[in-house]
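Here subunit A shows up in two complexes: once beside subunit B, once beside subunit C.
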Partner chain A sequence: MLTCVALNRKHPWTSILVFVAIVIASSGLVMVHLINQGASEQWPDNNAAWIAPKWTVESSGKLPLTREDYAHLRRAGFHELAAFVHYTGPLYFEHTGSTPSGLSLLAVDTAALPWKPASFPVFSPLSEKSARIWAHPQTARLIEEQSLLTDDAAPLPVLEVSAASLPKHMLVMDIADFFTASRTTEKYPLTGLAVTSSLPESRQRALRNLLPTHLQLKRSSTIESGGTLGDSFKLSLWALGVLMMVVCMFIVVNALHLMLRFRLYTLLKLRQLGIGVTTLSTSVTLEMLFLGLTASSVGMVLGILLTQQLAPGINQTFTNVLETKFILLPINPWQLMSITWAATALVITAITYVPIRQLQRNLTGRGPGRQRPADRWLKGATVLLCSSALLTTILAKSPAWALISIALTLLAGTGVMLLFMPHLLKLCAQFIPAGWPLAHWSIASTLQLSKQTRLAVCAFFIALTANIGMTVMVDSFRQATDSWLQARIIAPFYLAAPLPVTEPPPAGISLFERLQASAIHRGHSVELRSLPADSRFQSSVQIEPDGGVDWPRFDTGEQAVINQQLAFRFHLSAGDSLPMQLNDGTHISPVIGGIYVDYGNPNSQVLLNARLIESSRDPVYRYAIWYGTPATLNDLTEWLNHAAPGGELFDSEALRKLSMEEFERTFVVTNHLNIITLAVAGLSFMISVALLGQQTSAQLSLLRSLGVSTLKLRLSVLIQYGTLCLFAALMAMPFGLLLCWLLINKVNRYAFHWIYPVSVDSALLMQAILTSIGIMLMVLCIPAARLNGRLDLRNTRVL
Partner chain B sequence: MKNHAVILLCLFMFSCKPADSPPPENSPIRSYDYAQVTLNRPLQLPQDHAAHPDYRLEWWYLTANLENESGQLFALQFTLFRFRNPTQRNSNWSDDQIWMAHVSLHNRDEHWFEQRLARGAVGNAGQTQNPFTLFVDDWNWVSDLPETPFPATLTVTLSDSVKFRARLITQGNYILHGNSGYSEKSANGKLRSYYYSQPFLQLSGQINLHGQTHQVNGPGWYDHEWTSHLMQAGANGWDWFSLHLDNGAKLMAFRMRMDDTNAHLSGTLITPDGTVLKLDQQSLQLTPKEFEQVNNKRLPTRWRLKVVEKDIDVELVRFKKNQWNEGVYPYYEGAISVSGSHSGQGFMELTGY
Partner chain C sequence: MLTLHSVTKQFPHQPHPILNRLDFSLPQGHSASIQGPSGSGKSTLLTLIAGFDKPDSGVIRLNELMLSDMDEHAADKFRRQHLGMVFQAYNLLDCFNVWDNVTFTARLKGNFTPNYATELLGKLGLSDLRLRPVAELSGGEQQRVAIARALCHKPTLVLADEPTGNLDEETAAQVSRHLFTLCNQTHTSLVVVTHNQSVAQLATKQWQLLHGQLVAK
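Showing the complex of A and B:
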């Protein structure tokens, strides 16, 4: 063991590489953990448990769920139950009588919610100002300080708190404050009891056995998840954190290979002196574990310090982008350290297995001929990974499985790249004219280099694949959003009026009212929007597949179109009927004529003819306005002054611009993390080639003695690195596009219930690849510049 | 005097002014009258075992130093707090009472703590008189008799792996602190409460940890206290001790830390035959000797306590490190050992640090 440690003096860079990689990996993971934890705590993230519970106890229909039922179940030990009322009736502004459209109200027993340090006093019955309502910031702006009434004209508390994680269409309040004035449990029976924590099988059975006949335990569908920007942010942050860890894992494996390569000579001598193979390999493993645990401790401290330093910046981002705050919670270093150590020990034990086995073979004299079994192993593993990736991609029906399929695809891509890279290089060598000996040497050397830096190239390949995937995904989202905005916002102006506009517009101005209402479909809240019988509006709806809607039937109210979110949630398709209960209690059941894209909207939505919702419309007055000869903009504003006093006129262009600006801000953080991952991979590559460069010094001396200038040699070496990067980039391209498809059609599909087409902008793709290669080459200039032609026999051994 | 952290924080939470000041004009608790602690309304048992919903705060508090057959020590705390929330008196769902229960169990190596909150009148938390019960969800204190807390059975389940069930038997009289239960907490008497204890309490029962059952028994200390005025500006927190001395005597001591004056000291010494001696600033000395970093706070966890006229000079040392209850209102509550002129065991509560 001591000898192993002493060997570090000879080749300290390999150990330093391992150390640095583990420090980066562990600090990255600690940062991601702390940021997400702070974000989770600040966004009342027990949302997951009570806004979107997996289980609820609800009435089976015969008798209502009562407060006594609730108390009985809690007293029986089911303290994870929290009573709630989901009010989906109309809400009115007290002073104007108008209705904020599509809002529902969730009143929950906050006393029963799981308590978290940062969530207090926001969600606590002990709070001094207990009578208050929470809402998404956008909803909060809509309501401002106006008092709301329920359908029995009883007032609700004034909205005071905004929380970005709440769904935009939902107000949340305490159940004790809801049941005031004329609102009683008889008038508004409890909707259900939300299960606020995990409910293992045994607890499910016990609860079912305890439930009286009029109650049932069921998978929840009544309250829904917002699918908010915050969720999207956290998901991408975790994905990048894991990606960084995978990249670092490859760096560690790579460094371990290098370390063993440099030590093999000494280890063979020790073996000849009679020290057992097991003793030697155990020593190396223990050394790696020691190095790993030390580095992960340093990484943890670094991660904590960096997060603390970055906290103001993160908070700024959260404030600007997510309209909430980030709070760095008290850190428990012992808990963090135990998690980091356990993860490091596990990963190191796992990834040292193959190199140690290889070392054992070398030490027992079974070194020659090992290349073929290794290739076979690689082929086998690649086939297995490809099959697994394909299978999980086909079968993935949840965000978790979608992420697993992405991980498998990345690993499968790595295997494919490793298998094909040498063949591609050989193929390339055939096209080099015989009169270019230096180029021949370069390509042959690249081939050799590719074999020896496999794992470093893997790290670069994964980082680049992820970079391409994320870049194309974000760009596809951007293009889809832009085209959706262009298509949907067709009128030059939109008007939000406090009262109906009854005065006919002057010549040259046309006004189209857009009615709003809400309904319930299978216990799920649905937004209803009218679509005027005008070809301009109908062609603005991007139906997929195109041409499926029978517009004459739509205009008679027989058909409606639904957004992807609703279609995906309930597995609906064109031709299905869509039974819904409107606010006024009436039932409608139009046939689905088509499914339209509705990017960024977490809610389910239906577009239908106005006549279907006239009776239950919300008192919200929105109009699309066109004007033209003989009317001018002045005529329009003048007319609106008396036709719609107090209304707001929105310029379409400004709306589109605002929407796109918000879009760009959302991905600022992930873009930066993407670049960091790439830089980490570049660093690994640089150190690998710097170490391996020593092996070519004999050849370089020979070339120099043949009259090749040092500059040419350096350029040649740089070309080798560039060729490797280029080939890795070429192979990363298809896998990056595949990754993008998976992110959109699997992760986004199951996490947020909408998809959009993959749009490949070749210029942007090339820019991403060239930037990546450029960064790598800039980094690799350092080892290339340090090359010299001196011969060093100690480095001529090949593993 | 129990759980002052809760008092401090909840009074802060209710935006309270000094106890005798009227609330400001814009206060949400305007014209909301809390019952007052006065000498004109003396504490009476058994009636006052019941809840006092007209008062702002109340708590029933049990601590116990338990031991199993092999000498392994356990420290148990069960507390039921009641708060009157002035902003919720018109709800059709619940009344204006909030119930909060804490259960804490320590052995040498582990700590289990859980908190439950519930609203009054919903049916899953409260206090009843016939029989006397205290309950929140499935945590139950059920007396064998009406109107009196003892003898009783206490049942608590913290998780599937931690269960506790014990019989609570008294072996002496209730002790009224201060002036027949009228207990002053500050030198000017503005801070005061009704406060009595049952220090002659014996617990015996089972603790089930991870499937293993421990038969335990040991002395317990029961407090019941209620008030509407326990806070004023400048009060920083309290240090509270309950001691079971091996000679059979019991001792309660507390120290209220103030901004601008010396700490206010008070206590009660109870001899084995139940004779009560009131302790004050002159007769009681309480000095921190060692500090410990707990949850990023510097807490005094080793003390010297002297009652000069009774030749009591003892050291109070924590049972284990980090006896911290991380609830809505975090505070230190843990077992202690007593050594010096007398030996014994007890509990220590540190708040406001």
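Showing the complex of A and C:
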């Protein structure tokens, strides 16, 4: 052990490399764990998670949920429960008797709500006697000052406060104000108890144990789409986490390999002095475990700090893509430490095994001199990995299997690269003119370098493959979204009005209303959107494959078109019927006329004729507007001022720009993680070549002795590194494209239920490759610049 | 003609100069062997002649070239153009095969002629090994490759630092015979630093390095 300590003092870089590699790996693990934990406890993006709780306590059907049950559970310490009544009966305007369509009422125990951010409506404290009802501003305008009645003719409190964070179809009030002489708990029993904060498994178990037999803890179905997306986000994050883990694994193994390589001579001397192989191996393993546990503790702290820094960015992604909020939960350091330590100890023990075995072989004298069947082993492993990758790709029908196929493809790629790299380098060497001996040496020694830095090259290859794959995927998505936006946003203006526009437009202005509603198909929530019977709208819908929609039948309501997400979720295709239950209870069953692409929309959506959803439409008023001779833009705005007061007018270009800006924001986290992975791989490569540089210094000294100048030598070394990176990049290119295909056609297909065409922009591809090589070369300039130009004849003796 | 005049070299923290006003001359095409105890300054002397380092004082000249005054760039050029080196540990470029190693210096200098390289390989008995990776060769074969490399670019001077130090007696005799014969045939000056008396005896003139001075034997 003392010798190990002394060796650490002599070659601190090798231990530092291992330390850094473990710190990076464990901080990555902690970050992924914390982010995923937060993602599991996401909240709908309305600052009012209680509206759509993830968990609810509800009656199992035999007996109703009572106030006593509620009080009993709260007294038992479950303060995260808030009672609510979801009134789904009709609501009437007191004066007119008319019914505002699509409105529902939620009465909740506001005193039990745990937190109220600034934008959240401030519910009336109990001391304040005036009852209130809250609604979205648009809904509030619809109700105005009118009083609403429930089906028993009991009036609801007058609307006083509006909050943008509430859903448009929902009115919210305090449960104490809901119950009156006529609205009793007997008539309107509690619908459930909403769990208003996170509910860890241990807490779930405790709650289940406490519940009387007539109550059950249910995972709510009301946030189905959000929950699915949370899982999808977790999936993609785990994908990146796994990617980083694979890269870090290579880095740690590489670091270990280098460390043991440096120690071999000393350990051999110790062996000659009579110290047993087992003692030496045990000392090295114990040292590694010590290093691992120390580094993982540092990594844990770093991971926590980084997660806290990243939280706003992740939140932005959640808000943009998932329409939910990311919550960074309170951190339990002991739990986190035990996870990190256990993972590190496990991984260190597993990955130390191979280098230790090699060390043991070398120490017992069985290693050197005997030709290792490494190539045969590599060929066998590569064939096996390629076959497995192919098989899992063909058979993958779920996100988990898609990720497994990606991991196998990456590993198969490293095998193929390691097999082909020597042949490519030899081929390259043949094309170097005889008059360029130094270039010839650079390429020839690159082959050696590639063997010595094999693991670091693998890490770089994986990072680069992932970078290419992600870049092409994001760009394909960008292009698909852009063309989709170009096709879908066809009108020059769009109007979001608080109330229906009833006034007929003047000549030259045409107004098309886009109705919105929701329905249930096979227990799954589906968005409904009307599509006007106009060729401009119908041709803007990108049906894939082209054609197939019988638009006259669509206009009569016989047919509908569905988005890819819905089609993939339920394996629907054109010609199938689509039975749905609308909000007002009516059933429709149009025939699917075609499937359209709907990038960026996580929800299932159906486009159909307006008459089918008129009765159950949401109180949302969206219009597409064209204007032309004789009307001018001034005429349009003037008309809108009185026809749609309070309405917001968007021009199509601004809308497209806004959408694309949101798109770019969505990939901020992914892009950053990508670059971090690449930088980590670059760092590992740099330390590897810096360490190996000590071994190759004799060769370089020899070249100096043969008359090669220091500058040329540095350039040659940089060419070596560059060639290695370039060839790794060339090999990474096809695998990056394959990865992109897998991400789109497997991960996106099964996690997000959409696919889009892979579009390869050669300029962007080259940019990604050159940027990656550029980053690597910038990092590798350091060891190249540190090359000692001084000549020492004695140095060449160690050759 | 290689001439060293009053060359002095002292390393920091050492009480005495390792080379002290040393004088030496070697006519073109002649050979010299230098012997001496370990630490006497033999390798330092070669280092100064090769232009790896500069003397504290004195002059080193090879024909018209003033080696002791050359800057780094000129020293690099000198080594490329005029110098061949043979090392104790062979010091071959292990990523190359025999042919690439042998022709490397000639290609670097720009006077590569395949026929001459083939002839050298033939004379050194390496014709059959030309495409073999050097790592697969025996010590004697590797040193013969090193000799071929040192001569392939037709240098004016060859410096050999313990060229037989890693070889057995029989192989050492064979290798040194090759070295001296080829230098003689190509009219190349040769300076050999060695502990081996039988190798030293092959040189035109034998020297002993003692107390920083060369003494003729």
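Criterion: the second predicted complex is superposed on the first by the 496 of 799 C-alpha atoms of A that agree within 3 Å, B and C clash if a C-alpha of one lies under 4 Å from a C-alpha of the other, contacts with A are read in each partner's own complex, and residues count from 1 in each chain.
Criterion: a contact is a pair of C-beta atoms (placed from the backbone, for glycine too) under 8 Å apart; a residue touches a chain by one contact, two chains touch by 3 or more.
Computed from a predicted model, the values in this text were never measured in an experiment.
Trainee: Taking the superposition as given, does A:710 touch the first partner, subunit B, the second, subunit C, both, or neither?
Mentor: A:710 sits against subunit C, while subunit B stays out of touch.
Trainee: Which partner does A:77 reach: the first (subunit B), the second (subunit C), both, or neither?
Mentor: Only subunit B; A:77 stays clear of subunit C.
Trainee: Going by the contact definition given at the top, which residues of subunit A touch subunit B in one complex and subunit C in the other?
Mentor: Subunit A residues touching both partners: none found.
Trainee: What residues on subunit A touch subunit B, complex-wise?
Mentor: 67-68, 70-72, 74-77, 79, 109, 111-112, 115, 117, 120-121, 124-131, 175-181, 183-185, 330
Trainee: Residue numbers of subunit B touching subunit A in their complex, please.
Mentor: 10, 13-15, 28, 83, 85, 87-88, 90-94, 98, 100, 115-119, 122-124, 135, 137-138, 157, 295-296, 326-328
Trainee: Residues of subunit A touching subunit C in their complex?
Mentor: Per the touch definition, subunit A meets subunit C at residues 434-438, 440-441, 444-445, 447-448, 698-699, 702-710, 789, 791-794, 796-799.
Trainee: State the interface residues of subunit C toward subunit A in the complex, per the touch definition above.
Mentor: These residues of subunit C touch subunit A: 43, 46-47, 50, 52-53, 72-73, 76-81, 83, 85, 87-91, 93-96, 100, 103-105, 107-110, 112, 161.
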